[in-house]
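Before anything else, here's the structure in question.
Order as written gives the chain letters A, B, C and D; numbering starts at 1 within each chain.
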Amino acid sequence: MAAIRLNRVSKHYDDHSAVIEEMDLEIRDGELLVLVGPSGCGKSTLLRMIAGLEEISTGEILIDSQAIHHLPPQKRNLAMVFQNYALYPHMTVKQNLAFPLKMQQLTQDEVSRRVTQTAELLGLGNLLSRHPKQLSGGQRQRVAMGRAMVRDTNAFLMDEPLSNLDAKLRVELRGEIAALQKRLSITTLYVTHDQVEAMTLGDRVAVMRAGKLQQIASPGELYEHPVNVFVSGFIGNPGMNVLRSMLETADKVPAFRLGKYCLPLTQPVMERYPDLRNGSNQMLLLGIRPSAITLAESDERDSLPARVSSAEPLGHETILYVDADIEAVATDAEDPGSTLLRRPTLTVIIPGHRHFKPGETVYLQVDNSKLHCYDLQGDSLSPLSS
Amino acid sequence: MSPPARLDDHTPVVLLIAGPALIGLLVFVLVPFLFALLTAFTNLRLGSPLPLEFVGLKQFTRILSDPTFVRAMGNNFLFALIIVPLQTALALGLALLLNQGLRGTVIYRTLFFMPVVFPMSLVAVVWILIYAPGPNGMMNSLLDLLSFGQWQPRDFLRDPALALPAIMLLSIWQGTGFQMVILLAGLQAIPQELHEAAALDGAGHWQRFLHVTLPQLRNPLTFVMLITTILAFRLFDQVQIMTRGGPDNATTTVMYEMVETVFTRQQVARASAMTVIFFLLVLGVTWLQRHLVRETREVE
Amino acid sequence: MRLQRSRVGIILSYALLTTLALLFFIPVMMMLAGSLKPDERVLMEAGSLAGFIPGEVSLQNYTDVFNRTEFLGFLFNSLFITGTIVIFGLLVNALAAYAFARLRWRGRDLFFNLVLAVMILPLEAIAVPLFYGVSLLGLRDTYLAQILPFIANAFSIYLFYAFFIGLPRELEEAARLDGASTLRTFFSIIVPNSKPVFASVAILNFLMWWGAYLWPLMVTIGPEVRPLPVAIAAFYTLPPLQWGDILAFSVMMVAPVLLLFILFQRWFVRGVAATGIKG
Amino acid sequence: MYILIALTFAALLFISGCTDTDNPEGHINALAVWAHAGQERERNTLKSQVARYNKNHPQHPVRLTLIPEGSYNAQVQAAAVAGNLPDLLEFDGPFLYAYIWQGRLQPLDNLLPETLIDDLLPSILQQGSYRDHLWSVGIFDSGLGLYADRSRLVAVGARIPTLENPWRQDEFNNILQRLVNTDPDGQALDLKLNYGGEWYTYALSPLIQSAGGDLVSRGEVYSAQGSLNGPETADVLHTIQRWIEAGWVDPNIDDAAFTSGRVAMAMGGHWNYARYHEHLGEDLLLLPLPDFAYGSKTGQGSWSWSITSNCDNPKAAARFLAFLLQPEEVLAMTDANGAVPATRSAIGQSLRYRTGGALQLFVDQLKAGYAIPRPRTPAYPVITAEFQRAFERIRSGSDVQAVLDEAARSIDLEIEDNKGYPWLFTAVERQ
């Protein structure tokens, strides 16, 4: 059990393009930290650098304040679960589990004791003599877990360990992993591109983008107080709508204007963004979660008319994509304030199973107590999230 | 112990694990070649008491104006020119026949592949008997049978017109199985759906062969032809055993001349010059083949 | 699923295959029949059907071979030389290929270019300087001269390399994290998962060196270290010429390999086929 | 793991090292001897001679290595480069001068007893002498002649020739023609075309010389130009080419043309006698080669012995040579291989070769100068190689003159390349 620290770790390849830039990160002793981000953001590289499979260019990696970045992987005493499990095809389950122990030159007895123990813990007892290709996906995943758990390691590194499984199994194993991790309370770094996995698993979640850490916080915090439009767009399913809007003063109250539709600032919003009180007539980015939008009963005057582009009825809710007279921005853009989406599309979640015809006009209302505000660079205006 | 300069710099361990092979390649391939390149410009002889002299390009001009050596190169080219298409076509034909999923395929494959495990020197010796002159000779009587008695017995290995073809024939016998197996594997790697799609598109057997099989088989075909070409250029065993380059230089080859020159005549420098020429020939062939293959890739 | 084939096509295919197979088999048949015949009948009957029928079977030719030559010595030489080249070649070339495929080291690209450049080069091409060197060092007529130069083999390295880079990297990474050293990873993880390429390289090299003629012809003097291919050529030139004996020699020379071939046919075929796919 | 690999490598090197037969340093006092691996009887005889010698000379025992004939010269040459030559070396006689010129040998002068030298056949001394020294002696010499089936000759009414009165060229042609006409397969003559190699030079030189030609002109500087491609040489080879093209010559690929009765005449050497006699019995004739203008000629020279410059105890080496030249040892060897004994005293005791013996002709030829040694020059290895190749080509129908011109040019070029083989070893005398 140990804490892992990254101090100003950078990685760039020979052509000098940086993959990781000046990263500071701590995985606390016993916690499960999920590292999430879109593919190519460098999260796997970061994990592999900790594992010792890739070299860092500058900075240092410490395990319990011991620098380890110059050690080869076999000397770091870390266990890793790979996306495709990387079970040794020529070994049985038992041999797979025993391999790391044999490398530690434990006695025969000790090896079989630990293998049996781990196999029981994971319910692999009756599979010990099988080869990996005779196992189902879920069983392979368990063996991979077992191989990591079988010895005493400083930490687990998991590289998208569930992404090769079907949806149902993924949910099931997600729970198991979380439970196991709690039970063993072993420091774990879990890399995924799936924000649902991140939100459900992590004690804390670190969001990464293009080699940089965006935010590291508990799942709730992340959802409630994303530090920038990237995190808001990435967390939540579907992600937050971010619109460019002028903050005006209407009837002495600051309000966001969306076409003809006006969104006056409410008390909770102004409490969260104290600066907005006096700053009017400025262009800002406005974040609205799809669940904060509702359908107006009829053609009400105080609503945002929109045309249905497509609808996904999911049973318990329906996701609606509509075009409206707004300026939607790309949340994953470098400069979101000036990167408008080609189609001014808004995502809306409506409870229940509803059918819409494409082209149909709907009228939207926004819960103006749940607004998120960002400057044109995309950074949150809230002093709470910084 | 100080940490290594780079974590993923494995130079020390590589010295240990790749060292033997690298040293082997250096000492037994690169150094000898450089040696040949140097000595080709001298008068070096094995065991001569005369002092070593640099003679410039003399060895090269002599070799290239030596009718025997020119004939040797010509024979190599002729051998390649005939054997490569012929053997490849035969191997492809056999592979196609065997790829139909007929019953007994394994037995046929075994028979066609069997000569591959015969050392060439053994094949050469045994085929001397097959080519025995006179009406009792096996090849002679076979041809007599096939021509309904029209064939006049010939002494194949002593006949300037027949000796090289005779050597070609046994080379094909020995080598076709090797190529066939490679092409067969290539055929089996072609997804059946391609044939089915082509068939649905209305392509007949011949069109499917032309437009599906051949393009899909390009890599193994290229490889097989390259290997055969190089085998044609290193032709030696059969010649040394069966004809010793004769009759009238009809079967002499670059390799045969090279070995004669250094081994029987101790003319190291001259043989080194031949080595250099041989290198250039092989490199030229490989380059040509790669070039041609790249061309077809660009066209596609 | 296969496309339908006509009955006529199948019959034609069989006819063609059988004819060709017979033609391919004639020399082997003659060899076998001739080896069992009294000497003077071999040449006489070679042109007739009797050429393929031993008639009264006699093992005289076989005992002659043992009396006239040191056949078992040649067999041992061939086995020892070929076996050593193959076994050490597997080890040395696979390790080098692994270093090329997976490890980072100074000079890798340079050496890899060297491997690619000489990969296709027949080893006979350097016979002249090698012969000179071996002569100067007085290493002729040794096993060493017949083995050492051919252990490192660029084509083998390339075949291994092509296979290794296709192996999932995670296997090795997992092993490294499980605490295995580079060498341990190679022997415990890479080797067991690379059986096909090891078989391929072993068989190719075996065929090549089992049949090698030119080099041993140049560097062997006496019969002590002479391998079979040179021995059969020497036997052919040893007067008096007795075809029955020569054929018996041939049969004995090819029999062990033929047996191996028939036993491990699948591997032979796969091994050879693999070269073409990678090539 | 590494230890295992290292051990295996060490073991490999060890095994390889053990079988290093080139290494003559097995015993400090042993005399390393290389000889050709001839026929089995010949090999066994030499082995038992060595055993006999070693029993009486335990202080300087002989260690024998047998090397196959095929590429003996190439093998020895290559061994010489590394200084791996033995003390005493056997080689094919005409290669002597190349070894001398390269400084591989030391002279035998004063090493062998005078009486022994006087006992040797003149052909042996002729072949072994070079630049006023004796370098080499043979235990036996070779005999070359024409074997014939008496009854077949009688059947076509041929005269039986003698050494004094051999067949003239046209007479021989005429007899050949008559034999061909009565022969079922039209092949009447065996020239041992199956032998190839040195046989061509050995056996065809006498025919060429009988016509007045030669392989090289034998002045101070040897030259092939004008001899090898001169009209006399071309004529003889042309005649032989015509015989072959006409189908008169059996290709003899089974080496049984004469014994199976396919031909009536066979050119051959002493080594053929035993088998021929076995098959033909009293009908076997041994005749001189036909006279193509300048009298019948024959070949001479065979395996020969020299002490190498590696040898630091030439006296011990000479002692072994003298032992081999004792009459009973010479006879033991010549009984085994059928060759002409090298000493007169042995000939006198030989059933076949003494006066009245079946092979007396061979001795007469050698004694009376019918034999011309092959060119005594360091260029001989090239001369014979070029001639062999040229004859192979002529045999298969190439233009005789063109082929000979090419061969002559190659030979002279080789002589020129070696600067005419300048004498570089003036101080060779030891005593």
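In the analysis below, contacts are C-beta pairs under 8 Å (C-beta built on N, C-alpha and C of every residue); 3 or more make two chains touch, one makes a residue touch a chain.
All values derive from a computational prediction rather than experimental measurement.
*Asks:* Between chain C and chain D, how many steps is the shortest route if every step has to go to a touching chain?
*Replies:* Minimum step count, chain C to chain D: 1.
*Asks:* If you take the mean of the Cα atoms for each chain, which one ends up farthest from chain A?
*Replies:* Checked the centroid distances; the maximum from chain A is D.
*Asks:* Taking contacts as defined above, which has more of them, B-C or B-D?
*Replies:* B-C
*Asks:* List the centre-to-centre spacing of chain B and chain C in whole Å, with centres computed as mean CA coordinates.
*Replies:* Here chain B and chain C have centroids separated by 15 Å.
*Asks:* Using mean CA coordinates as chain centres, what's the gap between chain B and chain D in Å?
*Replies:* Chain centres of chain B and chain D, defined by C-alpha means, are spaced 38 Å apart.
*Asks:* Between chain A and chain B, what's the gap in Å when you average each chain's C-alpha atoms?
*Replies:* Chain centroid spacing, chain A to chain B, equals 60 Å.
*Asks:* So, what's the distance in Å between the C-alpha centres of chain D and chain A?
*Replies:* 93
*Asks:* For chain A, what residues touch not just one other chain but two or more?
*Replies:* 52, 72
*Asks:* Using the touch rule from the top of the page, what residues of chain C touch 2 or more other chains?
*Replies:* 43, 131, 135, 148, 183, 217, 243
*Asks:* List, in ascending order, every residue of chain B touching at least 2 other chains.
*Replies:* 6, 8, 46, 128, 132, 263
*Asks:* Could you please specify the touching residues of chain D with respect to chain C in the complex?
*Replies:* 1, 5, 8-9, 12-13, 15-17, 19-23, 37, 39-40, 65-68, 70-71, 75, 78-79, 81-84, 194, 253-256, 260, 275
*Asks:* Along chain C, where are the residues that touch chain D in the complex?
*Replies:* 40, 43, 68, 80, 84, 88, 91, 131, 135-144, 147-148, 183, 187, 217, 221-225, 234, 237, 239-241, 243
*Asks:* Quick check: in the complex, which residue numbers of chain C touch chain A?
*Replies:* Against chain A, the touching part of chain C is residues 168, 170-171, 173-181, 184, 188-189, 192-193.
*Asks:* Can you list the residues on chain A that touch chain C in the complex?
*Replies:* 48, 51-53, 72-74, 76-80, 82-84, 86, 88-91, 99-100, 103-104, 147
*Asks:* Could you list, by residue number, the parts of chain C that touch chain B in their complex?
*Replies:* The touching residues are 1-3, 5, 10, 13-14, 16-17, 20-21, 24-28, 30-31, 34, 42-48, 51, 92-93, 95-96, 98-100, 103-106, 108, 111, 114-115, 118, 120-133, 135, 148-152, 154, 157, 182-183, 186, 207, 210-211, 213-214, 217-218, 228-230, 232-233, 236, 243, 246-247, 250, 253-254, 257-258, 260-262, 265, 268-270, 272-277, 279.
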